[in-house]
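There are structures below to look over.
Two complexes are shown next, each including chain A; its partner changes from chain B in the first to chain C in the second.
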Partner chain A sequence: MNNSTDVVSEKLAEILTEYLKTNWANSPSSNRTVTATTNMVTELQLDSFQVMEFMLEVEDHYDVAIDLDSLSNIQSITDLAGVVITAHQD
Partner chain B sequence: MNHMKPTPANTSLSVKITPYTNLVDALEYAAQGDTGFNFYDGRGHLSAVLPYSELRDEAKVIARKLLSLGCERGARVGIIAETEPMFHRFFFACQYAGLIPIALPAGIQLGAHGAYVSQVRRMLKSCSASIVVAPETHANFMTEAVQGLDLLMAGTQQDYDALPEADVEFVPLGADDPAYLQYTSGSTSFPRGVEVTQKTVLNNLMEIARYGLKLDSNDRFVSWLPFYHDMGLVGFVLVPLIGQLSVDYLGSRTFAMRPRLWLKILSDNGGTISSAPTFGYALCAKRLRPSDVENYDLSNWRAACVGAERINPEPLKLFADILKPSGFDERAFVACYGMAECVLATSFAPLGEGLNVDVVDRKLMAITGEARPTDSDSVSASSYVDCGKLLPGFEFSILDDDGNELEDRHCGHIHLKGPSVMRGYYKDEESTRKVLSLDGWLNTGDIGYRIGQHVVITSRSKDVIIIKGRNIWPYDLEVLAEKTCGVKHGGVAAFSVTDERQEEQAVMVVETREKDTDKRQHIVEDISRSIHAYFGINALIDLTPRGTLPRTSSGKLSRTQSKQDFLARKTLQGVEESMTRVANKQPA
Partner chain C sequence: MSLLDKFIGAKQLKSGLENAGKDPTNVVFDSINSATEGVVDGRVTILAGTNNYLGLTFNPDCVAAGVSALKSDGTGTTGSRMANGSYATHGALEAELADFFQCDQAMVFSTGYAANLGVLSALLGKGDAVLLDSDAHASLYDGCRMSEADVFRFKHNDMQSLEKRLTRLGDRASRCLIVIEGMYSVLGDCAPLAEVVALKERFGAHLLVDEAHSLGVFGPRGCGVAEEQGVLDKVDFIVGTFSKSLGAMGGFCASQHDVLGLFRYVSRPFMFTASPSPSVIATTREALRQLRTRPELKETLWSNARQLYTGLQDLGFELGPQLSPVIAVRCQDRESALFNWNQLLQAGVYVNMMLPPATPGGACFLRCSIGAAHTAEQISTIIEKFAEL
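Let's turn to the complex of A and B:
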């Protein structure tokens, strides 16, 4: 895995954009363009079930487990990328 | 390789549903059999098995360790209630030791570190807890939450294991002592714990087991509901206990990620009883794959209870249609009505009959309060689900605003009385008096009508917004909004409306003098952001000029009138013009 934060962020943004398009076609966030700096909490307003669904996709894609401590501190895609990289090193 | 086997469904004991003196009595009897609790992990594999017999032994050991701390009888023990055997061990250790357990929330939202810690802290302060225990996953949050509190001990199961065992005779909690405190009620700013006594909980358990679910020895429970909610704790820890039956658990977070595991476990283990709010069935239906349907056998599932929020028949019908090939019978749906103030359940629809939908004239109901049956094709038709007869211990009465008893099919305030009604909120006489009369009538805050002995709920407590099974208090939303720059104290009204998908949607009407479009947009975004960060929900923010929110003669903000005004504006101008949904805003 190429673990520069930029690369991972970009990939995560891609996964999330795709996720929103396929799973939440009718939700207000479905057509949002997600970038590395997008704040998932304040800008996308995903509800808790959407968050868990997306986290599952991320966990499966990178084969990592995201713990609660990390989850509770994630705001942006960049934050999430940091967590994924750390988890991958463990 | 996993060699663990779940506890069996059939108990070797004869099912004994008698009025026990306390929960210890009930556990001692169940422990003579071989049934118990089974925990499944994130992949759907069995990760822990806790038969009642082991629970009894382990709870006694922990009870002695807790008593070694020298805590007084009735001291409060906060347990961060993750779906793990640890919860059961500490909950029942308290029962043996004469301590009062409180199930604390374990669900954590994205980016909500601070909000979670302060929520737990406020609850611990509200009940002056002496002891706190958390699973490993929540240890750091707990350490932050207890900072500076006067506690005997806070730790994980491992920390408690290291304590010596006190050499004492147990004096379990008596019939009139509390069994636990239930914090599903009250706002996060001012949490209120329902004081559930041994007598009340055992009474409600007995009525649920005998009359609501009619338990027999073939029953097996399956649940993903959190233990810090009354439906999870009472419905899927204590009801199985009183029937000496086995339960299979899936964590709530796991359910959110992999909802299909719920059905897989029901299918694999032949589960007969499982409950969820409407959204749980809807989420599952959405995530099912055609291949799953062929592989599941849900023909044993005889009671699929639905409750907690207003019951919406549409997604349930869809769920039943999709799963018909798996042997799911839509007559298994059981509409339930209940609240923590009555332990858990107050009414059950008749078993095996499915949902009984009452179609009434919405316009007439809005004007006169009469729920007159109408054609389902009619443009002003509204559907409500019949929640059945009240459990035999309850008396109920539906009253108008002046306290007069209403006749059949007239909407009013639902009042309840009976041996399952709480004694009060823990050390909160003022809140107790607001809802409980001196002669024992509980004002539920819910609105509904009766059809003979059956009760139909048209709206849950006017004071609470229920989104995806979570209770959110308008006051908490208002307090957050008032912290936003440009918003005055008392200039916000929060309430909920039913959206086009028949789901509850939080709405906040906010007074502001601001005229500048950009600045108005900023206010909307700021509020929206903090609401989402604290509560994980989306609110519609509607700006209105200063001084236009309706107030009562005493100057108090009227949420009911604010809601009516909002709905009127919406009808007049069309939804899009009158509301600003932030998430709709396209990036510039």
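Let's turn to the complex of A and C:
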């Protein structure tokens, strides 16, 4: 895994874009283009459940374990990238 | 932002629900006529969303047991068992539950919610790990988060997802508790418990199963899904509630592990809550006796569930994945769900409105729960009213 925050953020944005289209087709955010700086809560208006569901995909993609407490402060894709990198180092 | 500004979202939610008609979270029954019928706004209404699976809430023997206990032991215990002591009937119910589940011990809590908080917060500590099914009830989430354990979710009923997460835990798997439900409350689907047990044994983990909605519904003796799938003795902790099949209020945990007896000294939701009142314990004991001695209740329940499930299926509704007494009808969107829920209520049928985020996949459902006390005629009426939507 390339641990650069930029690289991980870019990949996460790609995964989330696809995930929104596939799993939340009825959501107003389903066709939004996600970038590394996109705020998942304020811009995409994802609720806590949606963020947790997306996290299951992220865990499996990177083969890491992310506990629920780590999600409480995540707003942007960059925040999430930080959590993934930390989980990978643990 | 002030202290009270956080309620802006709740206020908007309340307004949105009220604008669509009646608020589904705040239905008031003028009276309750029986286990299956109430009155709303002066209209006789079939109760098809009250989880009264065995239909025992008006059973004459249960009512008589409650009245007798009210007269002999009074209206309440006025405090916790730690401070005020236990009534003999608390212990008697615990012994009966242990016998029923063929466990060494059982423990009674004041509600099902308190049981999950009480068990999980006592059992789990710093350094422990929880693997929680993603569709688990809020009380299981809250209990896990009340502990200091690391909480990880796995995809609902997905054994590959569970296995991956157990693998990732490495040596910590032996300090892991897998937390699932027997039958899930929104869609009425069951956990593949035999497979979960195989994984927990392979990795040396422990398993807690919440049988809140499956007690009295599944299993040859009505113990739940674990008994149905032949793994009752492999479950480390069984939790459940008295408020559904047993028609009362309260919760319990049963276990083969001696540590359950020590929860009384460390479980804050047990220690700092008033204990169940004598009448509630009495009706619960009588309902448990009936669950054990009247297998025809379960047979009628399943016959009724089949009638409603096939009736709605024949109408072309998209239902939950398997036949069970919980029958969830998927709606296209939030607006149609609210509209149809109001239509049903005005037509004299009460069901549950299930909206995200408390629903699988963020979908909207009209959730029916059927019971042994429903008549074939009532179920036909429910189907007719759905057909008119």
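FYI, the second predicted complex is superposed on the first by the 90 of 90 C-alpha atoms of A that agree within 3 Å, B and C clash if a C-alpha of one lies under 4 Å from a C-alpha of the other, contacts with A are read in each partner's own complex, and residues count from 1 in each chain.
Quick note on the criterion: a residue touches a chain if its C-beta (ideal position, glycine included) is under 8 Å from a C-beta of that chain, and two chains touch if they have at least 3 such contacts.
Computed from a prediction, not measured in an experiment: that's the story for all the values here.
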Examine A:Ala13 and indicate which partner it touches, taking first as chain B and second as chain C; both and neither are also allowed.
neither
Please tell me which partner, chain B or chain C, touches more residues of chain A.
B
Tell me the contact category for A:Met52 with respect to chain B and chain C: first, second, both or neither.
both
In the superposed arrangement, does A:Ile77 touch chain B (first), chain C (second), both or neither?
neither
Output check: A:Ile85 vs chain B and chain C. Expected answer is one of first, second, both, neither. What do you get?
neither
Report for A:Thr33: first if it touches chain B alone, second if chain C alone, otherwise both or neither.
first
Touch test for A:Val64: chain B only (first), chain C only (second), both, or neither?
second
Interface residues of chain A shared between complexes with chain B and chain C:
27, 47-49, 52-53, 55-56, 67-69
Quick check on the complex: what are the chain C residues that touch chain A?
134, 144-145, 150-155, 161, 164-165, 168-169, 333, 356-358, 361-362
Given the complex with chain C, which residues does chain A contribute to the contact?
23-24, 26-27, 47-50, 52-53, 55-56, 59-60, 63-69
Touching chain A in the complex, chain B uses residues 107-113, 116, 137-138, 140-141, 253, 256-258, 279, 283, 468, 525, 528-529, 532-533, 536-538, 581-584, 586-587
Residue numbers of chain A touching chain B in their complex, please.
27-29, 31-33, 40-42, 44-49, 51-53, 55-56, 67-69, 71-75
